[in-house]
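Each chain gets a letter, A, B, C and D, in the order it is written, and its residues are counted from 1.
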């Protein structure tokens, strides 16, 4: 079957490089357009990029001539465009791409809170994609040209938090109180310059700009509802799900750890074993759809008391699975647990790829 | 004035080495006896120890001949004995020393929960020392020989947590709910072998055996009361102060960070500015008594949003002060904050030294 | 084709775990016997081991019942036995296995300097295996039972050093002077306890017991000759190849870096470009034999001036390739270069596997 | 006695902050002028700087109003001006300051190779200061105004290398061959951004731009001679002292380690014990002059085989001393040793301060 054509915006950046790695030998997509700054435009990708991944640069990307990030040239032929743009640039560029009729999946934060833009963690709330699916199918039904649309990838630390909550809420009803302290990897900050070495060696930085607010807000949209007309999103009211986050940066390369406490609204609360079983039994829709990047096991429940650990567990299911350990009773709320998710896979570029796989499986792209 | 004679049990270990460093050129104490395993006994200290401190070994300790940890020889002449023994040995040895009439200040966990043993963070609850003060002075009044006694130093991570709570409770009444996630330094685990390098490089270990329970329990004893007869301790009931802790080990050499949320019992809660002011204005009793190691500023309230950081802030007031940053409202409880304390100073050996200084100032030793 | 049966001695240790990982889904070998301490014997492997690898434990190993390290039971049916034993135990156990007629490939240092034991880096001197090949084939020709034999894997840091020297010596004649400073990963020290975290965080340890001597000596055996009768090894005389090594331990998980200077005996020396070309063009025999683990590119010559880097380059060719960068003229000797090799793959267990593949290709096992 | 007035150029940068720390409570100098970029000019220092030191900002600097880096205002009243400027700016600014009659001590590389500019490691070649001393005293003798002059601080890694060489050359004659591999701390790269965290965590960068050339060249000037007329410097000819350097960046905060091999020109070479004794007995001139920052022990010869280590030994003599360990015979040259020096103290700002102390002791400033 013919591969879908994929474009990457911000292709030389940290997230862009990850998109390119994940598109290598992908069964559904092939790289068709790479966009970067005017300074890089016109160069072969290998000459424009400072490659910083632990895997080698894919041959399929090396000779692609980089374009500017404008909806023209090869980009116009793309079935899907992944955006790894910085927030400083994403706003205008992504808008232009959508207006040009393109399907954009973005890692940038700019439009995450728009009422009609899905904010999706593909192993959690792919059903939110129905809002763009409806829009596209309606247009097609009318004989119109497919409209452009935007899907936002969640903040990296949010992805790990909501993954275990989804099956728990499905099974045991609302979670109305959450505290989460995150220990986040430095790869999440990119590398130009990202976190300075002298700031993180033998150190912790107990602050990541805007992160706590994202965690507290995005969680409620991702676990929230679609409006009755199927066109917009209705985040859970703050009172229904209070989230308190503290975000720190630690000396870990990849993998965000979160120490989480939470309380169910309904009494009696389930037992620890019931919680673990619900997590273990969860099969995300992407797996059911047979998406190639979907995790075999969506949530790994670890029983060793000193797990999950970033170095040992971040690559489970190639970074698309989430690991949960130390599920135990909490003296204050109902349960405590430790959640580990791969911040550049399920927390960023990987989510984008899996969202695209779902959209393709549903014939939206 | 003549210096008081000090002994150190477990002198070759991690905590013992710290005691020896802190006793160097001390205005109140001089090293008089060093105890270690039978294997070390009879050797000069410099030949018995593998010195692992960043400061050089004090000359005053080098040639001291190490004894076994028995209440005999030089130990019997000591005014105070600091114990850095492992829990495996501390139980029997400390008991024997107390029975031999010695004043023992111990970093071991063995007797912390005994009803008549003070569990003291010297910048927080020195008033708990009155239980042993009374015992000693009563005996002296009766013309009896000074009795031996034991004072326990708190767990390292507990010290940082209770420090800011003390002035807040004094000023605003009970704190009835606390969640704390700690990011603890590896020096807390000692070095034989302590935390393995391969376990902590590019990694987090989300578990420290027994630590969460200590944090949840010791907090209630330290902030709790003395019985009416002045002889025993009455920890706060669990229902009056629920503490939920998650403890992790991170790649930091010294300095425990805690991300804390807490709620006052009384309504309305104070404002953020009132909380900060109470922390800033707190002067611990040790400072009022003029103890030489007492911090000039007990609690440093930092206003930069990315502080405290272990590498930059752990040495404030030589590790006897505690740093608090990011005091802000919490969506779930009342406030969030980040607390940093030096785990081997105010969290271990340093607390022992400062307790001894207080006891000396009060003529108990 | 039927798989050869493989045993692993020291199966629960650091090197043993790597052997087990590398045997997973191997086209030539299957795990048939696992040996460990008497304490572990009788348990399923998954219950005997503290698994510390970043990849998950292979299902094929989980339920294998661990034996003692004696040449009995399943071990007697093994076509090859990989030894990851500590030097404290390797001496007697490996001797017993060889005497029992088994083919043993060992990572231990005990017999490396024996005149009739091949010391092999499989991408460098597989021709040294002819000594055991001859022995086996001679016995078979005589109608005798296949004799047991031992092949030693080189020291981890030696492997990286000799890899680039092999093609250079082949092409340009003897290298008579070498200085090498190594920056070695902590995984090389195992993990019970291995290097302590407090010793390596924000630190370097400029000493690894015995390592410099190994590097200086083993290099001369590996690049040395076979005696005229084909039965023993004749290391290069010290005067013909003076090696000066300084070995340090650094905060890197995997991958040994060596900063090397060297001089050719013959004048004029080749040019930088000729040296690079010789390195690039080198195809190791294991590749020619079609061994499944043989690197596609034996030596990667990197042109970026800040490479090779452990995190970015250690996994080239799955750790079986060696990376060389910064080849440039040396003011003192002829050339300087930086060499990176994966210490647990080509520097340890991986070498063992590739040696076994070569022996199988040659019908020795 | 009145304190000399000191200015600091590049006061908000990494080196500038170190100058300010070292000037705190200095017995000879007080801060009189601070210079930074136009963006900072006019602000109080505490508002202009992002303070990144582990010690707190000195009160004496907090309220000083930052000036532009021009020879005007308070700078004109300075007895000495320390420059922590980046090489991009140092060239013109330092020139203007010298032309305005100021005594400038610079950490920048721009003028190090000028024939009439002393390149000084104060514990090694303070006698090179005679060139500016003569110039100043000559002018004064003629009744002229004191002329401005420049003294350059050596490259950070050079300082550690030449320190042990000085007494060895004095005692045993020329060293004609040196190989040195350095493992350099990240603080040497500053912090805006300096070395990126993702580049150094679990990694080594085997390249520091221009560093090897500096080490190879500066060593020959520092250990070289003054011309017969006392006005210029004559570096040792390359043939008389061949230095081969390989420089790497490692995950260490402070402290450069060098693994060094070297050969004396004269035969027979001294013994290991003679080398150690010469190092131990060396007393630098700054110590003899009674300079307050001069090390009590210039070179610490460590006998433990795993020392020096950056974390344990970098702060000896407050970073003004150099540690040498593992002195042993070398198979290729004469000796191997490991040298550790504090890169921001004796390798940068501290050297500047000590140079100023020497100049003051000699009445040059």
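Here are some notes:
Convention: a residue touches a chain if its C-beta (ideal position, glycine included) is under 8 Å from a C-beta of that chain, and two chains touch if they have at least 3 such contacts.
Just so it is clear, the structure is predicted and the values come from calculations on it, not from any experiment.
When chain centres are set by their Cα atoms, the one at the greatest distance from chain D is A. With B-D and A-D as the two chain pairs, more C-beta contacts join A-D. Centroids of chain A and chain B (each the mean of its C-alpha atoms) stand 43 Å apart. Between the Cα centres of chain B and chain D there is a gap of 41 Å.
In whole angstrom, the spacing between the mean C-alpha positions of chain A and chain D is 49.
Under the contact definition stated at the top, the residues of chain B that touch 2 or more other chains are 52, 199, 201-202, 251-253, 311-312. The residues of chain B lying in touch with chain C in their complex are 52, 186-187, 189, 191-202, 251-253. Note for the complex: chain D touches chain B at residues 52-56, 201-202, 253, 311-312, 315-316. Put simply, chain A touches chain B in their complex at residues 177-179, 181, 183, 199, 201-207, 216, 238, 242-244, 246, 248, 250-253, 257, 259, 261, 305-312, 325-326, 330-333, 336, 338.
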